[in-house]
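Heads up, the next two complexes both have chain A, just with different partners, chain B and then chain C.
And then the complex of A and B:
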């Protein structure tokens, strides 16, 4: 009898109210994911085989035509290449700047840590559209702050050599704070005794960083890399506000191309085919990242 | 006592004013309009109360409020709720709302979204011949003998010039150019550079939006934008000549620079450039945003002194659409509002002036107030020489924009860039129901 009571009290699911709560939460999540992810993804996949414009109720089966057109569209591949390059540079910059600033804030020498943490995180929580409009003015070739500061006469948004750099600068400035906060959190959770032992053994700051901090932070860095890649593969707001993919097609990113096909040309079937290719690429990259990190852990 | 008397007098005065206002349209007042007529004494919905929604996009609240106020003053049994949406959102929300029976009964239309809207529109009950008798440009809107919306005004490109810069350069009214060669000479005179050769004032600028200008200037050479089988044609002698001339104005004449401002419209208002080719609505925008910039207008120059096939293309500002899925009683009210709007010269004039468009209503063609707007007045002489290609899908302008930026900013060859844009555009137009109305242009037979 005693044993029965003990085993009942140990099993959290034996309580009726907890079972109801569990079932409700799980069912809600399933419904949420069904309604907002799986069903729309399924519809989009089916739509990619159609001439599809929901605004005029058009949904005509066209077989593999959209897929054929996408795969033979040079601009799509060019935009994918741009997206890949953009993502790699943005992720690298985010990690490097994030690590540098997080290490600085982690140091005992820096005072007012909360102030700096807030300051660095502010751009991250500012709406991208608003930020992009402010930066658009900063990039103005005549009145822009950037040219005034640098003493240059660059037409940042219309010169093919600088337009992508302009979008990257804005993105990096906007997002580095996220990496700082996450990495700083990671640093605070590291075992302090390792650092104390290293200090006693005479390791300097640089050796401690590369020998202890960085290896122990690998899961955090990997988390930032994966979430950043997923996020940067979907970048379109700065492109929409700053360049609309121009000059010409120099700053075309895959998601902007998809947005343009769907919401400017109302070619939802074609846009869906593009989305699926991008979706598969992101899934593949994520899987590769997990696999690589798993091997390292072993 | 004194206070009571004062109150009584003001009450009586208010009543008299209200009655006067109502009687202007109210029962027994005069029928308005010429061929399309509106009889205010006719009850709507048998005088029974009815409520409808009227959708429009941001920026025109006063205009639509005026329509509603005037209409409900005649028909107090009709309650009209105005629903405003930002322009970009409007085109996704409206077609979806029109799929439902409780969508707006009446709404503002822009012909660039024709393809997404036409399936939801009810035809006007006003006979086509009556519309044609009162308005120009109706023929381009006839579909299977019916009209679903037409134009209340025609908007096109005119050349704006800064009057102070013009005078400072020693130019007079006599110097207003009519050909592109004359224009280039004037642009040179209006250009100012500093001692280091840096541009201080551009004689002319087309930066940031030249696609709208190019897609119209090829008509001056007799070249239509679409082929007989509705394919777009960019890579032809006419478009190549237009773009080469634009390049020469910057690169040979030095009258402007690709990097001297990225938005020539704004830069004109800001006093950076002396001449700017812009559409009608810019007239109001300049007055609102840069009232200190005094400007005039002249008609777009042409390759020779001869009257061209067409000076440029125009785009119509559309009359209201009626939701065919709305309940029958709401549709009847919407039809009545359309008739009221089309018959009402005063309202037509308000809409025309607010958008600086050439009036489509024939009775307003010589209206003094409208002709006082310089950008409209310069069109009057040749208004029949402006062509409407039809409700072009956005792919046309988007692809021309890419071609132009590739040529002007990325150094691409004109022919190659135009061919790429043409091929992409025609691929994107596959499946589109767009049909060019260039063949219905009055001078279509003169096309090359």
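And then the complex of A and C:
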């Protein structure tokens, strides 16, 4: 090894095998993430200005036409409103049920902690298509389990008043266990002496929860809120299995509408414009959640 | 009874109610999969089957050829898990243990892709696969999943726990970097490998949209897609479909019950660190 090279490199002991390994890995990483993330985002944006139909081999520049059509599409706005409402309720339910059950499990009055935790997490690990299918049958007006249990005669999936609720119930059922596990993990990582001091000072369980647990858990709660919003904004499979957007357009969620435009009607350009708006909304929401949490901490 | 005891009863009651809600759909599915179609749609309903029968499972596996879809899904999930564990580990190692210009940039680029919703990239990816002539081919499922940002992030965290002195000692002994990664570092990552194996396997097992778009011929189909396909085709064979659904769910549940401690640890640690 000559001196000149040695003085150039910051780490004189860097071996040939390190350079080969490093370059191979970094080059593959850059290539992969460019090819499957950054270039596709660029193509989606560029394609949104085109009449783009892969079946007919069309890719013709149409300027702002797709964007204009999307922004004037009542159904798209309606689906966005549905998506927003759906996500807010699903996230709130996830957090509230998660906090309730995690604090119950955190209490020393409960013995079979790991039993409950294992059970609650079960729906999260099972495949969505399969459980959505089970729930579709549970909602069946003739033999479904839900009406039998509740003593009701609701036609869950074909009654516009209940179809969205049906999708929400499935989503909440599948996901609350994840929140329980994460929040419980967060609670165990909190400093124990805070709780002991509060208990000695005579704070009751409610005061301890709102005064200590909740403020300290804010980062964990924020983590769940953001990741849940990102995933709920893209809810697709429950809609596909349970209602296909119906009855009428009652359960049209944005992602379902986009995939329908893209892969049933092959309007790739139009669908790309819609997907970009959804992308921007998700990015905006994420940024807002981070800012909101930052402000409260000061 | 003391106040403490009442509180304990109340808390346990709430927890039990949610347990029942969690488990009932699974039990109902399982019970129904042993019923006959006549019994499922009968007016007088009962939870447990009157005369339990294996017939539905036989139908699902043979008539609906779910055995083939099961094997397809299993191989897909195994291949994806093995590949991503290896690529994530080696990428995590390089991004953690080597210092070079642009390292943080590359890592930041990888992390930023976690925020990109799949709905934006899926349309161009579809066109890319079409242009490459990969539609209906196995590589269309594998190549876009060669790396995962989540896995790289997780493995980088675990590599940070490997002391630099261990690497230095091996280097002084004359080991090259390939040996160091494969024989020294990789075995030390076994906890991360185990949690990643579980998550990747589950994600691949439940993957729907991408395989649905890529795979057209029935013989190559995966379990989730077959399930949705057959729910249209055999829409009146409730019992058979309940059996098919159980086939998609039960292996995952068994695997979960065996490795449940790892699952919970994995999910909790990924969130607290993230």
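Everything that follows uses one rule, which is that the second predicted complex is superposed on the first by the 264 of 298 C-alpha atoms of A that agree within 3 Å, B and C clash if a C-alpha of one lies under 4 Å from a C-alpha of the other, contacts with A are read in each partner's own complex, and residues count from 1 in each chain.
As a working rule, a residue touches a chain if its C-beta (ideal position, glycine included) is under 8 Å from a C-beta of that chain, and two chains touch if they have at least 3 such contacts.
Here the structure is a predicted model, which means the values were calculated and not measured.
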| item | value |
| --- | --- |
| Touching partner for A:152 - first (chain B), second (chain C), both, neither | neither |
| Contacts of A:43 with chain B and chain C, given as first, second, both or neither | second |
| Contacts of A:142 with chain B and chain C, given as first, second, both or neither | both |
| Chain A: partner with more touched residues, chain B or chain C | C |
| Which of chain B and chain C A:207 touches, first, second, both or neither | neither |
| Partner chain in contact with A:265 - chain B first, chain C second, else both or neither | first |
| Which superposed partner A:51 touches (first chain B, second chain C, both, neither) | first |
| Touching partner for A:21 - first (chain B), second (chain C), both, neither | second |
| On chain A, positions contacted by chain B and by chain C | 54, 142, 263 |
| List of chain C residues in touch with chain A within their complex | 4, 7-8, 11-12, 14-15, 18-19, 21-26, 28-29, 32, 40-42, 45, 90-91, 94, 98-100, 102, 106, 109-110, 113, 115-128, 130, 144, 146-147, 149, 152, 171, 176-178, 181, 202, 205-206, 208-209, 213, 223-225, 227-228, 231, 238, 241-242, 245, 248-249, 252-253, 256-257, 260, 263-264, 267-269, 271-272, 274 |
| Residue numbers on chain A that touch chain C, as the complex places them | 10-11, 13, 15, 17-18, 20-22, 25-26, 28-30, 32-33, 35-41, 43-44, 47, 54, 97, 100-101, 104-105, 107, 109-110, 116-123, 125-131, 133-138, 142-143, 145, 148-149, 173, 176-178, 181-182, 184-186, 189, 220, 223-224, 230, 233-234, 236-237, 240-241, 255, 258-259, 262-263, 268, 271-272, 275-276, 278-279, 282-283, 286 |
| Parts of chain A lying in touch with chain B, wherever the complex brings them together | 51, 53-57, 62, 69, 75, 140-142, 153, 155, 157-160, 244-250, 260, 263-267 |
| Chain B residues within the chain A interface of the complex | 91-92, 95-96, 99, 115-116, 119, 207, 258-262, 272, 393-395, 398, 401-403, 405-406, 408-410, 412, 417, 424, 427-428, 431 |
